[in-house]
Amino acid sequence: MFDTALSSADLIFLAKGAGMTIVVTAISVAIGTVLGIVFGVIRVQLGTVYAAPLTFFLDIFRSVPLLIQLVLANAFMGMVLRLQFSGLTVACMVLSLYTAAYCAEIVRGGIDAVPTTTRRAARSLGMTWGQDMRHIVLPLATRVALPSWIGLALGVMKDSALVYVVQVTELLKSTQILITRLQEPMFLLLICGVFYFVISFPLARFGGYLEKRWSND
Amino acid sequence: MIEIHDVHKSFGQLEVLKGIELTVDKGEVVTIIGGSGSGKSTLLTCINGLEPIASGRIVVDGTEVHAKSTDLNRLRRKIGIVFQQWNAFPHLTVLENVTLAPRKVLGMGKAEAEEIARTQLAHVGLGDKLATYPARLSGGQQQRMAIARALAMSPDYMLFDEVTSALDPQLVGEVLETLKMLAEEGMTMICVTHEMAFARDVSDRVAYFHKGVMAEIGVPDQIFGDPQHPETRKFLASVR
Amino acid sequence: MFGYTFQWNQALARLPKMLDGAVVTMEVAVLSMLIGILCAILLTLLRLSGSRSLRAVATGWVEVARNTPALFQIYMAHFGIASFGIHLSPFVSLLIGITFNNAGYLAENFRGALKAIPDTQIRAGRSLGMSQTQAFRYIIVPQMLRISFLPMTNQMVWAVLMTSLGVTVGLNSDLYGVTQDLNALTFRTFELFAIAAVIFYIITKIITLSARLIAARLFRY
Amino acid sequence: DKLDDIISSGTLRCAVVLDFPPMGMRDANNEPIGFDVDYCKDLAKVLGVEAEIVETPFPERIPALMSGRVDVGVASTSDTLERAKTVGFSIPYFAFEMVVTANDKSGITSFESMKGHTVGAVAGTFEGIALEKQVKAWGEGEYRPYQTQADVFLALSQGQLDATVSTSTVAMASVNSGKFDGISVVGKAPFDTDYVALFASRNEYGLINYLNLFVNQQIRSGRYAELYKKWVGGTLPSLTVPNAYR
Amino acid sequence: MIEIHDVHKSFGQLEVLKGIELTVDKGEVVTIIGGSGSGKSTLLTCINGLEPIASGRIVVDGTEVHAKSTDLNRLRRKIGIVFQQWNAFPHLTVLENVTLAPRKVLGMGKAEAEEIARTQLAHVGLGDKLATYPARLSGGQQQRMAIARALAMSPDYMLFDEVTSALDPQLVGEVLETLKMLAEEGMTMICVTHEMAFARDVSDRVAYFHKGVMAEIGVPDQIFGDPQHPETRKFLASVR
């Protein structure tokens, strides 16, 4: 059906782009998750009122288009602060905070989902706050949060398509470069879409499976 | 010995405990009865320091529970508590539920903790459910597990808060049997309950709570046979 | 302190144009939500239907919407559909792309909401003599709407944010497009995009707050 | 200053647009090539440093400089007064003529006959801005800006656009590539000649002076004509403006 | 009149009803008692056609429930049913809960439906809760609302499935009072219950179910005073 000029070198080029997508996603999700857990626990511990500044800060990342966040962060770092960060650094910084903002929300929901009666039971056995967190709250919260967290990781991977604006050549940008040269947009875009689908779908299914499994007990 | 002196406690505007006085001696079983919202559960959670109090003192074996200097985690080891809601740790097996606190709080080894857990679980009739997850247990079994979990810390006192009221009628009996057994073994206990027959059979003394006040306290025969306070009479008439 | 001189008045002078863009952004977002909800209800019904092929179509839609970047979907809605000889304006392409995405996510939410409603509710309705349709319409749907109201609000916020991708299909009348055009003229990148960010933030806040008000009015139970 | 920094760092980082054949594009190995790429390499050579090509889309050229990610822009950038408020331009190093490329089915035969049609160009470029103004002046038809030159020609060949205005170089390169069916160059666009210049930070006078001299030397040495022949072909455009100094 | 002839019913492999025979006359109150899983709930849901049956016939006022030609929606209007789980419609106020079916199923006008709903709600003691949402009601109130909801359809028969067993002990009384009142008013009723005192007081006949079989049926005095079947005797001993 497709008569294509796509060469094996081009496929490698695309694979490199895909690699960049995965690298950006992995770094951002890793840092973002750690930050998200910290922010989430802080928010629960501080309570609504004292955590308000943190809530506001994180809310910004969920209320402004990622494209604008990237452009702004890039302009701010470079033009205003005159810091010479690579595009990859800026992309990872923005995406990490973006991830953290959503992750904090997920963590908070997970912790809230642990019944206070269960936590009271732990404390009344003489466990400290830390032991309660470590042995009761985190294992239980993880069950609630993991499916959403997988959803978040997938979301970040898809949203990483936007980091082209800070000169990071990820999968979609690599595709566009090839489109410019080969002028076969539909074919190349389909390959690109299939690739995204192939990474997302099994993970999404896994998340669904966990949700189903854990909702039973 | 648990000594409660003039304890007051409020949630916001609502005064829930209005000067409670009660002393429970070693080996004594005190049952608390009373209407919904009268402050029974609140008193129990104050005794092991899960809730702060507004004024008054609660002293357990000479340690003042609400003093700043008190190490609550240490104190709670000797006060077991079982709540109305079954709060098994759902991600752990029955055996793990019971061994968790001995291992993490008392720093026991795995083998030793399991030894104790097995004994306690056998004691409450769950010797064959060690590897089961709580979701697979009936409500009564979950409650008995919670009792074993508290007992595994070798507490000196046990507090029970309506442990049977969330159970199907068929399951109530088995849990009450377990409590009775404990009482006979000489455990010091405070039980909040709606089961009058149980209160009458097992208690050394029965206290009637009404709107945050301990309206009346006495031996079961007196409370059930000859209640002094008009509210006690009303209450007993209503539950019979 | 900074090696950069801010020229806010230059950028602020363009605020009216950007507000015009914000109106277009809202138009796209609102339309894509309304149509998206209708599509999502349809998808939910299709996924419950007896026909294998109808279920497959609906599932395919939902999975593609949820597993590929929104940018990709919008690009497809313009250049992809065009390769079948159907020419859509950038506005319509963006609208279709976001609607497709909204419908996919919402359909998944609706399904979850349906599961959360105990089937004793249907039984109760049926035992009062209601037909299956009546029980669905008067008992299930209202409860479903409540459960999925918060996800719908979130989706609306995302729809607003997604309009920024319209530039890839040649739209320049929305907020992001206007900002980009102004940037190409003046290159006051930081100032212009900071203002755009604030406008987006305000829009999303208005949405979440009004959703909360609506919810308080609608769901008093 | 910047000039010293570049020499001592050993690398010259140039912003180049790589979806703009034949000024910037990629070869079969996806390596950057084109007029601008060679121009950057020449500049690096005279400076005695290595050239590093940083790909930047059209709208991101100047931000890349501002954020310090590149040293100079060799990116076919029109030297508008608006932009000169932000960056410093050299003297022109290239000049574009604007042509109209139309879809054969549209019946467009000249710039004037674009009136009332759907037309488009690359967002934020000289010709894009001018075309949008023209459509507004006509009062009918529609203007659509796309993000890349590739998207414009794709939309044109799909029939989503009836015509576009672009630099003659990119129009010829695209039409001749044979990748797009049913489009042809139909005539000149009556826009001013688009002079493009190198750019650097506005206050780096030393560097800008050097760039001016470099552009001048490229013409004198015949290298400009050589590169023009290699990448574009045809009559060499004049880089000076009649009756004016620069 | 409800006639049940040789009804069999299975869930997969499990035969839940094994040839039930029972006739309930107009104005009669029949109580069904029996162990968990004996098929009591299943029988009720078969009577109003919520569950299909494998063989046998159920005939209500001459209409065969499981015949293809039967309009079940129409038939169900005359058979009210109240379940163990409170299934109030949480998105509607008490009044709306009760008026929904009369309006949508019977096509009544709003004013008329509300008139009826008010009467029925007053009847079950909820006259002052009309604008309240179910989440604000106690379990007992929710159950009484469910009864009013069923009564608002002016059914000829009422089926009650352990309506008190999910309630706190204090709330059981008020719901049983409501049932007693209905029985005294001459409603034809089948009640599945665990409340033996209630069964004895209210029923015309009491049926004992055991593993899908109706082991015994008779007047309360006979069943409670002189049970014939050994299983009945065992069961009654266990619940006392």
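Each chain carries a letter (A, B, C, D and E) given by its place in the written order, and its residues are counted from 1.
What we mean here is this: a contact is a pair of C-beta atoms (placed from the backbone, for glycine too) under 8 Å apart; a residue touches a chain by one contact, two chains touch by 3 or more.
This is a predicted model, so every value here is computed, not measured.
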A correct list of chains touching both subunit C and subunit E reads none
For subunit C and subunit D, the contact-path distance works out to 1
Maximum distance between Cα centroids and subunit E occurs for chain D
Distance in whole angstrom between the CA centres of subunit B and subunit D is 82
Chain-centre distance (mean CA atoms) for subunit A and subunit B, in whole Å, is 46
Note: subunit E sits from subunit A at a C-alpha centroid distance in Å of 53
Among subunit C residues, those touching two or more other chains are 4, 79, 83, 189
Shared-interface residues of subunit E (touching two or more other chains) are none
Residue ranges of subunit D touching at least 2 other chains are 63, 66, 154
Touching pairs of chains in this structure are A-B, A-C, A-D, B-E, C-D, C-E
Interface with subunit C, subunit A side, in the complex: residues 60, 62-69, 71-72, 75-76, 79-82, 154, 158-159, 161-162, 172, 185-186, 189, 192-193, 196-197, 200-201, 204
So, in the complex, the side of subunit D touching subunit A is made of residues 18-19, 25-26, 28-30, 54-57, 60, 63-64, 66-69, 148-150, 153-154, 177, 179-180
Subunit A residues touching subunit D in their complex are 7, 9-10, 13, 71, 74-75, 77-79, 82-84, 86-87, 164-165, 167, 169, 176-185
Residue positions on subunit A within touch of subunit B in the complex are 115, 117-118, 120-128, 131, 135-136, 139-140, 143, 216-217
Listed in rising order, the residues of subunit B that touch subunit A in the complex are 45, 48, 50, 73-77, 79-81, 83, 85, 87, 89-91, 100-101, 104-105, 133, 135, 146, 149-150, 153
